[in-house]
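Paired with chain B in one complex and with chain C in the other, chain A is shared by the two complexes that follow.
Entry: the complex of A and B
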């Protein structure tokens, strides 16, 4: 109980810190940092789009706004400034604080569900000793606090980029999938895809979550368990796998259930239809849906804006010969898609972890990455604090993130503001950052696979 | 036979002669019958004017026009054929092209007179054109026109072809027109190679007439020179039988600093005197006669109203009246100045306010002068006079704010020159004064290139240093935001200020764009130019009124007579943009690809790696699954390879892979054979 009170206190403190920082946000001027506000998420561009719409022009006229028209309708009126008092989007920032809070709560709820499923499956595998011997922390609380106290989340929230809302939608979709509420999952997925395109790949883990239920040890462990309880030799369990999957009573062998998946697909089509209708209503007099897709998703796919960000693609496309541009565009985007299938095959028993890996990969390879995306996957990483306890390089990664987080603004300042540095310095930090993310993804996947092996070893001994 | 042929020949000759004579005589008849408007005309004029800051303005005005008839078919006596073809081909209704070097100093050289409002141009090249083509063809016509002009004037006007370089102002630049296109190249360097083709359009080129005094070094030594070409076609498109009437107006405006050499005056404060100058001292050449093809050839010397007022005041004190002066020894003498040549006529501006003096034009006709007696108009000051030029209601300037290469803001500042108070007492006041008191309107027209990404919602207006609500000040606004690599941004806004306002500042924020490495010019670190903004004051019109005394129908005076909006161009801004490292393409490509390869490789490796235990298990599983025949095969192959005597484990491995390998080899061979056959 005391632990719970501590949790709420720190949640409250995190929110308070945000409010205090928002009060000083004009001094901090975080909204124009390239690390925080990308062309897609910048609130300044949103305000410009809203202004254009108010002066009866298409919000996509000019290459300023690239976000969703719905976001424009919701956040737009909040961005209007009065002449005398420069409120500086305080209302918007409050929205983002609320979004952050809801995200954290959803992460917490998801974590509790995951933990329940985890201990349940361990119990069913008779590995309760594992539960008792090792110190199990409440992953949901940890993840929620990691999300809330992550400096990257805080600067994103204070800097008034719209990424908290995108993150909220992603987490909402995952939460819906975890608790098997197909309409919620579909809503989150549709809106997240509409906002930033990349969450589209989350359809794989969401369907797996809905079909199989939340993360559990590999199926063959259950088979192994079954075969050992039925008294046969573990060495020829494969024989049993083919025959005895459904037969054994008492052990929860997750088979794919189609009903929630069909529900999800149905709901997803309904929601996407609904979102498209809303968009076309709000863009009625202007270019319509075609212009919207061209200016939002098209803008994401054809990396048009070459302003520096923490990714590597801006410099690449600023330097690459025009002749090869399309080729490399295809290569970079296909790189995200390429890994989907192998990961889905290997991690299909852990769909939520799969979702985390997808989020991490897309935030690493996306056209306009920002620290808001990083904040999301770092928060989700907290959910696997038990499974990934023996991950390699975690200290190195932590130091790397801190180092890059400190160096990158310095290099940017040297290059852009002082003119003493060079684009290469900043690009070097971007490369280092990309490498760190790669190591994080690879090591976490490796650690998860090792965890499964460990479980298997426990089971077989 | 012979006689018949000679008769034939005679007939032919006669007919030929008749034809020729007809050809020659008919136009003469036509000329005598319809005096005006049916004949090609050319006139050359030069206006000289002392400026308050001891400089001299020389304004050449060449006017060629061809009437809307087919009298000569497609042939022209005076009118340049190149221009005629241009107008014909691109259906130009109006066009203006200017090449300018230097900046017109609105504070000292005037901002309210016809010369400054129509001839002061932004640095570099400015081109605008109104076409007479359907709406969807305007852009294509513009592109072709830029290329044609580029060839005609040896300038890189073809850079205006790209859609990022020109804009289509709706009302901010000129009155409403949908087929107007406007483009400016502020960086274009202007030099003699642009002047020579321009002079070639004159019937006498620079061999005779006023153009002959254009000495290149002295022109390009000036503080400001602007060479302008303006076309207006006067055709009535409904009238199919008639051709196109075109008016071609070529002007060259130069501001010189005359060298102070003659210190002949006995006046004590010699240094306070305005510098004395003459055509000979300014151009180092004298006018040696007119171009014989010109209908009229005149030189004017203008003394501004404020200067005349000053002189009048001075003379009033001394009890002498008027600037009329007296004639002495072939020169025009006066207490305050002396003209070196006797003017043919004196023209007063009828527009002058009743209580003030009006400006004065001295007219000199070039026809009387020749090689032996060259015309050398000059002025020698005897008394020190100081005057201020007539300024526009606001002095406009523009500057950049902010530091760093990420963002900044453009500020346009308007400072009241106080001169409009006087005007408001007269004709303007009635139209302006409403219930809230009087107000002054001004139109800002601003084009920004796409890499200066303007946030229009950040438009702020400060009046006398205090922020004002934008909606109170802006009467009308039209924005066409810039599309990346597609079109420039354009801002047209009508502002209404109270008369009592001292200064107003418009600020608007922008982000600096990042370009692709190929889009940078060779001198990337110099920065990028934002073309001049145009500020016009629709409540004020600059026009002289010399027409009453203009029986000679001077084109230049007609031009000065035209009512024109007072407008002023602001400075060109230089925006430094961040540059990437231009030497890095290969490095960046290889680094980035390495990172991607690392990601792909290591993740795939993690996914497919199995620890030893699993490995062994899989192996045994594979062995079990092989079945009878492969096992027999394996044993067979093992026996076959008994000679190798390797350890049993690898042998087994190789044997298990045997059939697979064999199958692969066969498959590859089959594919190769198929391929071969298919392509044979």
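Entry: the complex of A and C
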């Protein structure tokens, strides 16, 4: 109970801190930092798009705005700065604070579901002593707090980039999949894809989540367990499982169920149809849907804006010869796709962890990354705090993230404002950052597989 | 199932240890393991090498050379002649002939200058500004200073100044680039030197308005320095770079203030035609020269030119600019060029001993093989070190050494030239030749910069000067710093991995592992989290301490002593509160973790502290290298050697005493106020010592938005507190 109160106090403090910082946001001027606002998420660009639309021009004119027309209708009125109404800016920031809060709550709820499934699968494996001897941390609370207190989340929120909304949609989709609400999962997935394209790859973990249920130890372990304890009695095995299914809906289900997946696909098509209709209504006097796709998803895929950001693509495409450009565009984007299948095969028993890995990889390789993406996958990482207790290099990674996070703005300042550095200085931090992310992904996947191995050892001894 | 927690403890380590027997790990891994396992000796070696490399920097200094070919200094004959000197002298007489003292006469000099500028056929306007009181804006550190909006306070009319600006449009240029000449003068109390500066400035300006070779516009700013040279120049630069579209209230006020002066000016029919208050601009500034004439201060056999170059936060202008000035001054005009030197070091005995030792080593090496001779004479060494020390000091302070500092905020290379004659200025015949030299020097520099096709980029931006024609570049001095700081990550890794190894060993040895498993799954590899929390809390405290002066500044009737006291008391109070809130770092570890981990507690805290110090120093070395270098000299030994006092009791007596004295000495030295007091006492004696000194010093740092202030409060002070925390650790 005391713990719970502490949790809510921390949540409240985190939100309060945001509100306090929002009052200084004009002075902090975070919205113009390249680390926080990308061409896709910058609120200033959104304001420009809204202004264009108000003066009955296409919001995509002049390559300023590249976001969704729906965001324009929701957030646009709040970006209008006028002398009389000073509160618009605060209202707009409040939206992001609320989005952060909902995201954290969804992460918490997801964490509770995952933890329930985890302890139930351990119970069904007769590894209860593992639960007793080890101090299990409530992963949902940890993850929610990690998300809320992460400085990267805070600066994204205060800097008024639209990433909190994208993150909310991604988490919404994962939450929906975890709790097997197909319409919710489909909605989150469709909107997230519509907003930033990369969450499209989350369809794999979402389908796995809907089909198999949430994370559990590998299926082999269950077979092993059943063969060792009651191998002679196959009826016992089926009884075990069926009773589990009937008594607790969160129990690991080992066969792929098609029903929720079909629901999901149905709902996804309904939602995407709906979103497209809304977009076309919003854009019908201007370029229509074709222009929208060209200026949003096309802009993401062709990496048109080469202004510096924390990713590695801008530097590369600024250097590459023009006739190789298309080739390398394909290479870079296929890079993400190549990793999908092997990871899905290896981690198919842990679809939620798979989702985390996908989010981390896409935030590393996407064309306009921002710290908001990092904030999302670090928050999701918190959900696996029990499984990843043995992760290597955690201290090194922590120091690395802190160091790079501080170094990057300094290098940017040295290059842009002082003129004593050059682009290589800033790009060096981007490379270091990418390296850290790679180490994080590799180490977390390694730790997760080791965790499975450990369970197996417990079972076999 | 005999040893469950051992297997769950670290399955990977068992697999990896079995695999190490089969195949060797990669070279880089082995190298890392080697470094970490010998961390003590490695850190000692690196640290000593870091200190030594600082001492040999004057020997490693290279001669400067002009890197940009386009500059071609001194390739043309100077056109500045006796005629121009006569003009300058005429102007000086006119200025000195004006009446001074009353407020009425304040516009006299600008008007006089404007009239002359109009006569020479150039454009002119007055720039009116408020003197900004340097205030501490804590959030300005994080935004771009040059582009923030400055709010004009309700200053009284008396604190407005008037700069007079003349612009020559280049006959061969497209008006996109400009060279700025600045002559500061104090309108409140015009002295001969001020008048001479203005006269020289005007004569050069009128010469340049006649020449045909100009490809860049010339902007001459006669800056009224009644409220400080820096204030007037920076106000003009701000208005130059930030066009005001809507006249703000502050602007209007300046105009109403000066309405009577403007009224006067209207009567001046000759000037009125071409003077205006409209702010005129030229192109981007390629370089700026601030020059002023000062009366002679010391005996010298030649006219002397002293160069000041340090801008805010240790930024320097491109070395090429200093090079051309030095080249023209020495080889064309025969001036003696000097840069700032730490005079106290010039007579220091131990420095001379070091210099002689190095010279001896170099001669010895030279006897073996003439090519190995590396040293310089001991006298040169001492002088080089003194200059280097002052160069480092001014860069580390982060406070600009003159009005050229204002230009650097806009990425414009600028230096201040202070020209002083060998005989006193009173002698009129002598100062004509002196003016001739000065004029030719500045004309030569302008002509050289005029040749430039791009902005200065060829030569160095990051360097220390050891004499006017010798420098140490970033590639050299960075090595010393890297050596000094590299023990920190090595030690952090060693301490951290030592903890992990120690635990697994114990886990293997202890037959009953129940106590071990109590640790819980989630704590094993994340055990540093608690230490990180402590470090974070202390750094948070640092942020609060950083912002406190903003509040203290608003207290009424404060002296620097009371401010200092308030600051200290509030800081300690907040520290205590934070300790309470964060659950008393010491006690927390005691009741949760089993006994075998308590001894490890301070080790892991030290690891995190050392890592945070390494990050902080690394960051600072990029923002302001000199500050990081000086800070590292205090911080690194302190962090490396810190050891809990209680733990020392268990050691051998000699070792314990040695460790104790080292720890205490470094802990005292590492505390910034204590350092300042020790320095003051050693330089001035106990006499003028007061509590407020530190406050005044800090106030000057934040008033100039120096990053050194940030470093001191956000990196140095928290690390010091953490070190004290470790020293007093109850084990």
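Keep this in mind: the second predicted complex is superposed on the first by the 433 of 461 C-alpha atoms of A that agree within 3 Å, B and C clash if a C-alpha of one lies under 4 Å from a C-alpha of the other, contacts with A are read in each partner's own complex, and residues count from 1 in each chain.
Please note the rule applied: a contact is a pair of C-beta atoms (placed from the backbone, for glycine too) under 8 Å apart; a residue touches a chain by one contact, two chains touch by 3 or more.
If you're wondering where the values come from, they're calculated on a predicted model, not measured in any experiment.
Chemist: Contact-wise, after the overlay, does A:48 reach chain B, chain C, both or neither (first, second, both, neither)?
Modeler: After superposition on chain A, A:48 lies in contact with chain B alone.
Chemist: Which partner chains sit in contact with A:323 here, chain B, chain C, both or neither? Use first/second/both/neither.
Modeler: A:323: touches no partner chain.
Chemist: Can you tell me whether chain B or chain C touches more residues on chain A?
Modeler: Touching more residues of chain A than the other partner does is B.
Chemist: Does the superposition put A:420 against chain B (first), chain C (second), both, or neither?
Modeler: Touch partner of A:420: chain C, not chain B.
Chemist: Quick check on the superposed pair: does A:343 touch chain B, chain C, both, or neither? Answer first, second, both or neither.
Modeler: Only chain B; A:343 stays clear of chain C.
Chemist: Per the contact definition in the header, classify A:306: touching chain B only (first), chain C only (second), both, or neither.
Modeler: In the superposed model, A:306 contacts chain B only, not chain C.
Chemist: Counting only touches as set out at the top, which of chain B and chain C does A:407 meet: first, second, both, neither?
Modeler: In the superposed model, A:407 contacts chain C only, not chain B.
Chemist: For A:392, select first, second, both or neither according to whether it touches chain B, chain C, the two together, or no partner.
Modeler: second
Chemist: Figure out whether A:453 sits in contact with chain B (first) or chain C (second), or with both, or with neither.
Modeler: Once the two structures are laid over each other on A, A:453 reaches both partners.
Chemist: Residue by residue on chain A, keep only those touching chain B in one complex and chain C in the other, then list them.
Modeler: The answer is residues 417, 419, 446, 453 of chain A.
Chemist: List the residues on chain C that touch chain A in their complex, please.
Modeler: Going by the criterion above, the answer is residues 1, 4-5, 7-8, 10-12, 139-140, 142-144, 146, 148, 315, 411, 461-462, 492-493, 496, 514, 517-526, 528, 532, 607-608, 611, 615, 618-619, 622-623.
Chemist: So in the complex, which bits of chain A are touching chain C?
Modeler: 24, 27-29, 130, 133-137, 385-386, 389-392, 394-396, 398-399, 402-403, 406-407, 410-411, 413-414, 417-420, 446, 450, 453-454, 457-458, 461
Chemist: Looking at the complex, which residues from chain B come into contact with chain A?
Modeler: 403-407, 450, 453, 455-457, 467-470, 477, 479-486, 489, 511, 513-518, 578-581, 584-585, 588-589, 591-592, 595-596, 598-600, 602-604, 606-608, 611, 614, 620-621
Chemist: Give every residue of chain A touching chain B within the complex, in rising order.
Modeler: Counting only chain A, the residues touching chain B are 32, 34, 44-45, 47-48, 50-52, 55, 57, 61-64, 83-84, 235, 238, 304-308, 312-322, 331-332, 335, 338-339, 342-343, 346, 364-365, 415-417, 419, 422-424, 427, 431, 434-435, 438, 441-442, 445-446, 449, 453.
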